[in-house]
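Chain naming follows the written order as A, B, C, D, E, F, G and H, and within any one chain the residues start at number 1.
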Amino acid sequence: MKNLLDAYRRGELTAEEVEERLMRMLYNEGEDFLLDLHRSKRIGFPEVIFAEGKSPEQLVSATKSLFERNGHVFISTIDDTKERLLREELPGAEMKKAGRLMVIKRQGPHPEALGCVGIITAGTADAPYAQECALILEELGADVIKAFDFGASGMHRPLLGLKKARGADILIIFAGMDGVLPTLMASLTDQPIIAVPTPIGYGYGGEGVAALSTMLQCCVPGVMVVNIGNTVGAAGAAIRILKAMKRGRLDQARTA
Amino acid sequence: MKNLLDAYRRGELTAEEVEERLMRMLYNEGEDFLLDLHRSKRIGFPEVIFAEGKSPEQLVSATKSLFERNGHVFISTIDDTKERLLREELPGAEMKKAGRLMVIKRQGPHPEALGCVGIITAGTADAPYAQECALILEELGADVIKAFDFGASGMHRPLLGLKKARGADILIIFAGMDGVLPTLMASLTDQPIIAVPTPIGYGYGGEGVAALSTMLQCCVPGVMVVNIGNTVGAAGAAIRILKAMKRGRLDQARTA
Amino acid sequence: MKNLLDAYRRGELTAEEVEERLMRMLYNEGEDFLLDLHRSKRIGFPEVIFAEGKSPEQLVSATKSLFERNGHVFISTIDDTKERLLREELPGAEMKKAGRLMVIKRQGPHPEALGCVGIITAGTADAPYAQECALILEELGADVIKAFDFGASGMHRPLLGLKKARGADILIIFAGMDGVLPTLMASLTDQPIIAVPTPIGYGYGGEGVAALSTMLQCCVPGVMVVNIGNTVGAAGAAIRILKAMKRGRLDQARTA
Amino acid sequence: MKNLLDAYRRGELTAEEVEERLMRMLYNEGEDFLLDLHRSKRIGFPEVIFAEGKSPEQLVSATKSLFERNGHVFISTIDDTKERLLREELPGAEMKKAGRLMVIKRQGPHPEALGCVGIITAGTADAPYAQECALILEELGADVIKAFDFGASGMHRPLLGLKKARGADILIIFAGMDGVLPTLMASLTDQPIIAVPTPIGYGYGGEGVAALSTMLQCCVPGVMVVNIGNTVGAAGAAIRILKAMKRGRLDQARTA
Amino acid sequence: MKNLLDAYRRGELTAEEVEERLMRMLYNEGEDFLLDLHRSKRIGFPEVIFAEGKSPEQLVSATKSLFERNGHVFISTIDDTKERLLREELPGAEMKKAGRLMVIKRQGPHPEALGCVGIITAGTADAPYAQECALILEELGADVIKAFDFGASGMHRPLLGLKKARGADILIIFAGMDGVLPTLMASLTDQPIIAVPTPIGYGYGGEGVAALSTMLQCCVPGVMVVNIGNTVGAAGAAIRILKAMKRGRLDQARTA
Amino acid sequence: MKNLLDAYRRGELTAEEVEERLMRMLYNEGEDFLLDLHRSKRIGFPEVIFAEGKSPEQLVSATKSLFERNGHVFISTIDDTKERLLREELPGAEMKKAGRLMVIKRQGPHPEALGCVGIITAGTADAPYAQECALILEELGADVIKAFDFGASGMHRPLLGLKKARGADILIIFAGMDGVLPTLMASLTDQPIIAVPTPIGYGYGGEGVAALSTMLQCCVPGVMVVNIGNTVGAAGAAIRILKAMKRGRLDQARTA
Amino acid sequence: MKNLLDAYRRGELTAEEVEERLMRMLYNEGEDFLLDLHRSKRIGFPEVIFAEGKSPEQLVSATKSLFERNGHVFISTIDDTKERLLREELPGAEMKKAGRLMVIKRQGPHPEALGCVGIITAGTADAPYAQECALILEELGADVIKAFDFGASGMHRPLLGLKKARGADILIIFAGMDGVLPTLMASLTDQPIIAVPTPIGYGYGGEGVAALSTMLQCCVPGVMVVNIGNTVGAAGAAIRILKAMKRGRLDQARTA
Amino acid sequence: MKNLLDAYRRGELTAEEVEERLMRMLYNEGEDFLLDLHRSKRIGFPEVIFAEGKSPEQLVSATKSLFERNGHVFISTIDDTKERLLREELPGAEMKKAGRLMVIKRQGPHPEALGCVGIITAGTADAPYAQECALILEELGADVIKAFDFGASGMHRPLLGLKKARGADILIIFAGMDGVLPTLMASLTDQPIIAVPTPIGYGYGGEGVAALSTMLQCCVPGVMVVNIGNTVGAAGAAIRILKAMKRGRLDQARTA
């Protein structure tokens, strides 16, 4: 662009010509341009590699490339063979695993603190999903309170679960089968609630379908839902809320 | 048959001929026969006239014919026009109505007592369905405890509802939308529970579909389900259980 | 609480202060409290361990812990490997198996008698489901009459099935494919009927979906339905009814 | 073609030229040609005018045109307004109506006899569908035995229904809700059975969906199904079978 | 019964007593009785053993028992292991196999001739289903014309298929994916048509669902449908029609 | 309770007796008790009266009762007749309406400020739903930025919509038909996003079903979904988040 | 921008400052900017106003505004009342209507010719949908060949339909019920085929669902599908293809 | 036919007799005839062998036969074992593979050029489907521009993808999960767009169902859809369009 401007100053181009060339330049590269302009506004959540369906070589290559760029890689739907392979290929890296989710990173400073998420499950079968979600959140700077197996068989269990998660900024509630736990909890607290149906259950409404429909039909206002088994999406939603809370506090601090 | 036997005695027929004629007779009339043999074993629940889709004349005619035979007629899915018509056509009869269900009967002795049913609804929108069910049960001799609008928004409501229906032999629980109330109550009592999804709710899982799937996926064992809005079926199921309980008591009394 | 009261008696606390402290105590521990208060009112059906999805270690650990507490453990969806493992790990215990359900218990007194359940299947393919249900019921004190393969191909078979189960307090009917058997039987008896669709059948309405819809649309009032293949739920429902019947008889005995 | 041949005879065209011109002619008009060739082999069932969605003028015009050509018109899904209009527009014609189906024809000779169809319904609500089917069949020459309201509530009813239709060559069975009647009857007779689900029933599997799935999952081999409420299709299927039977008899008579 | 009659003749019983005892006898054994009375009227189609889900021992035992009773056994959904086992266990029997269906029989007289069925498939993938159906029909006495792979890609193929099956009394048409072949053929012939959707196809409407819905929505009247992949049902339906045709011819012969 | 304590002080009751009586009292009234204990922790969102299905009298009565208790009533799914009636019955109250939602309140102080919500719609057909949501939020103290009709036809529109709502703490995005707007926006901002499918669209996936499934399958992590047309639920979810943000700020202020 | 450049020439701004200001300007207005840059590349299909759900005033206002801007307005799902209103409000404009679609325009030059589309329907019930599509295409410059009611009942009809549309560049085929026509035609021509399911048909697969699934499962490669009843989408797709063809010809002409 | 004509010339047959014999000949062989007449008008897309479900022998046999006839064979859904086998069996042939699609051909002249197709995928998981489609297109003479992984996470990616495919005559866009990419691109270009949902995604709307519904509900007119994973269908559709474009250009060249 400097060249364009100098040519203008030297009188080699008219203002119209400069404008037209700028347009053409923008037309040809406008998107990359926009990309840069918007980069700082992007979604603030890391890319997650979906391992299922990738060959071992593809996975290793994608992981290494992301690891070099970011030093912090999230991989979902990983199996034992692929996990073993990655441990061999990236011997120096720190690795954590929960459910079928794996985190690989360089030892380094802790992420900046973001607030606290209460992760509650109805049953033990929901735990692997909840663990995946918890690992992502912790890696991104959130505190996590885990309250597993506090489902609805007996009214006191949900109450105990809520008490355990009383200090959390947000609740993420995992439930399969009839999926009633988010309704119950929403009736007892005003914390933001993200409900995650898990693919537990068989027969009519099995594989999480009944839980999903229960959560979408929730008779207490304010329950937000992500897809069946979508642990990454639930974590992403929580991070968005925690960041908004933090921004709010920073604004307040700044204006104070 | 007397004729057959006499012909045999008189030697006009051989034993084989008598047997063969009896067979033919049974073959031709076996079903009516069976009908008589089994009549006393039948289902013990009155025929219910389905008004929707019947012309006013058809309804009046069917009602009168049943009224004359039984003195006690149940009509479901009735509307105001048809109700008015029946009131004109059967001026002397006693009439009761709940929801879209109507009972027409001769003044007469009360039915024999059958036991007690607790009818609980999650919301006020479920009440018309519950009222239909209650009316049928009362007409057939059951006591009914009504606990309406004890749904799950707040944990204390279901507890109060259960307390109110503590003395019932059976609970019938009506719920639409997310349909969580039967799960909750099943976790707190060992009473038999019949769950009735009501066609309340919109969007995904609306019209009672989410409630049905929640109830079928119930994570507490022992909840029995009837179809969406099936008040007659729920009443029929309760009557079967109450009769079995009564038979049990009579057996005990007899053997005591 | 004794301390609180003594402090009150000694005048160290006012009545208001005692009340407030009691409240705070209840608020903090109210749920455990409620748990105790309600324990005797709970659902009267044992916890069933769902083996599928648990690792062998998790299953052994959960089984041993429940075995030590209750001396009577129910495990569903078990496979051969896990069964073998449990037999090794709990060598002294008595073990029974039906379908994919296993019962492990200490030799001990028989459960108190509860009444009689007729278990009927339409075909031989339904038998493993029915056997699971029968084993649970027998373990919990019910008598079981088995009438397997009395499905509807030919009208006489259902009649024979009903005759066999004539003495039962409740019928549990298992059917896959078209699921017509409960309708048929409901038209011939006034016994309570719990219908269990089994995941038998292929093509449109396969995997038990047609059977479920047939049962929910049953044109004879009074059939109660549980989810496809839900043998534990059917047993739980029957136990609830048998207990209600027993309570009724005890009440009668007491008032006699 | 005569011209072509004469030109050939006169030597104006070679055999190759004739062949080529015939090909071209066939290519251009081959379809109309085929149409004529095949006309005698066509489906042997009259066109049925679908009234719903047609304007009154369109319906009158289509009806008159078909009436003039065939003297025998079938109209389905007709309502009162359109019926009245047609009665005014075609004053001399003979008219019959059943359900929402109407037949308009010139007085004339009876159709040739085709055999006998037994039309059975489970309930009274199925009758309008059955009546439509019966009217079509009678108009096309079949004898019809009607056995309405012989559904499954009580085992003797289906038996009586079957006895009534014993002499029929084919059975057409109409049932809504749980749709169990065809299964039952198929287990008791070896007559060909066409099952017609009717859009009766509400809630899960309502509008005939449960009946359709029951019939498709029928555990007795040999039940043939048409779509929900498809009275015209059922009649068409029966006519095909009756014609095949008649052809068989004619063949036999010819070879005798 | 002879005893009863003699006692009556000897005056040891009154007519009333004889009647009462007969009633009691019928009540207790009425169903077996009915069974005998109706046996000759039964469905005229052999029992088919469903191999899937049966253990090898169960299958061998069921097969042997049926083989001894009937000398003619049909087994569906068989796999290679079970086939090998049966060949070892029943070394002297004649065996045939098509698709996953197996027939085992004693050498003996051919079945009585029943008429002719045209079996047409749209593609080669439909052939195994068609072969199963053909084998059953041939075993039960029908002639079969096979016209495989005459699907709709190009209009001439269906025409050739129809020409090949011109002499058949009934057509059974197998098609997966879009399932258009029955519609096409129904528009060109007046033969009875049984349409069998096959579980061919993927994505939306895959596994035969699109084919089923096409066939049920068929815009030419008279196509009869069985469930997806239901080769046994299609054969059963054809046998019912062929038997009705034969009865018709016999009646004609008798009255001639 | 004061009485109990005094009786203890006077020595009329032992500590055990006091404890036992307290237990009994709690057992009998524990739920009301819990109710009070938890009341302050409840969900912080007003009850919304669902007008549809209520008679005019029922609606007026429910509205008046809630109006007297709270001075602030929310009514959803209201129609013109009922609106007119309420305006007559509550002449002094302030009334607002958006879509089918109505707010009735006493003139009084404004609610405490809660933060800011950006409400974005894809099309003009989504506006009535968005307006309902906006009205609830404003009534409860939130600022609302409205950006309607910024759907995806052209990439620049969503960008402009985002820019307009840049200052919001949360975005609520309404879209029907293909429902792609939330995916698009989630890829461009890290604000919390609540997606609301609207019942716009016809054919396959119509009535909001396609939009719902698009939103649940969103390929950018962090989109939270409520049911089709659930404007009240979306508002409730936003309020929960805004309150959590406010609590966070208050905590910070307190600790500062 | 001229100002910026002049300030630069005058030395008031450095090149860096100019670049920075341009960036900021682009960031703030980048979208409108992009909009202009891309406008010429946009989709080349007019906005269509969806009348359903709009109030009469909203419709008039939207129509007038679009009419003033473009002089050519398309309105879909219009009813008689709204049509009458628009005719009153825009008295000078030329108006055309087909099905529920209306075109309003200034008298002016014809659109540039675009090529030819063959529009074929299976039945008469599909005609209103086809007419809508034809009107849009004609208004945008396409020639249209209409071949209505050439459905599959009889093989010769589709052949005649194809012959009629032989000269078309693209075929759009409308079919409801079983939707087999596109399959048939795709097997006989290599023209591009856009299949439009219409919401014709009832029962299972009714409302166009069976037609949609047939078309998506089409066993002949190359059929492209739009949603049920989506006449606007089909026209849009055809226009895209015709424009691509024209571009191709222009390129050719230019290089020739 | 020559014989016929000569017999006519010799006067051995009248014109009527010749005509009649020609008719009879056409009737008997009309279809093969039509086949020849129409062959040149057929669909212009090769037969594709579906490997799945074929035995290795069947596949080899079908492949060899097609290879001998055409020298160019396409096989879909192939696995490694079958691929290896074919490589052994056809050692001299040229072989290419993409995804699960394989092409086998004789070395020979390149196909005639057809135009250019842009193939765009949303994610890397869509690539194998896109590769299959690209291979078919290239084999049939089309140029292919590949733009993989240009999905919607960030607005600039779709823009870059579009720019890359700017020169293409047609776009084929592959997307799973939420399937938003075709909507986005349709709003930015007027190129013809064929959208292919891929079976990527889990939970509600998984396996490509959400993507399919998004594409069918596309709010920008003109997107054409094929079934989930239907790479062959998408290629077939593109070939039809490219051929139509080529015909257009040839016509233009001819008339120029």
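Keep in mind that, in the parts below, contacts are C-beta pairs under 8 Å (C-beta built on N, C-alpha and C of every residue); 3 or more make two chains touch, one makes a residue touch a chain.
This one's a predicted model, so the numbers in the text were calculated from it and none came from an experiment.
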Minimum number of chain-to-chain contact steps, chain A to chain G: 1
Chains touching both chain B and chain F: A, C
Copy pair chain B, chain E: interface residue numbering same or different (half cut): same
Whole-Å gap separating chain C and chain G, where each centre is the average of the chain's CA atoms: 60
Chain centre separation (chain A, chain E; CA means) in Å: 56
Chain A and chain F: spacing of chain centres that average the CA atoms, whole Å: 25
Junction residues of chain C - those touching two or more other chains: 30, 34, 38, 42, 153-155, 159, 187-188, 203-205, 209, 212, 216-218, 220, 227, 230
Pairwise chain contacts under the document criterion: A-B, A-C, A-F, A-G, A-H, B-C, B-D, B-E, B-F, C-D, C-E, C-F, D-E, D-G, D-H, E-G, E-H, F-G, F-H, G-H
Chain F-facing residues of chain C, complex: 1-2, 5-6, 8-9, 15, 18-19, 22-23, 26-27, 30, 33-34, 37
In the complex, chain D residues that touch chain B: 125, 154-156, 159-160, 163, 202-205
In the complex with chain F, residue positions of chain A that touch it: 38, 41-45, 48, 115, 169-170, 186-194, 212, 216-218, 220-227, 230, 232-233, 235-237, 239-241, 243-245, 247-249, 252-253, 256
Residue ranges of chain C in contact with chain A within the complex: 30-32, 34-35, 38, 42, 50, 53-54, 197, 199, 208-209, 212, 227-230
Footprint of chain C on chain D - complex, ascending: 122-123, 151-155, 158-159, 177-180, 183-184, 187-188, 201, 203-206, 209-220
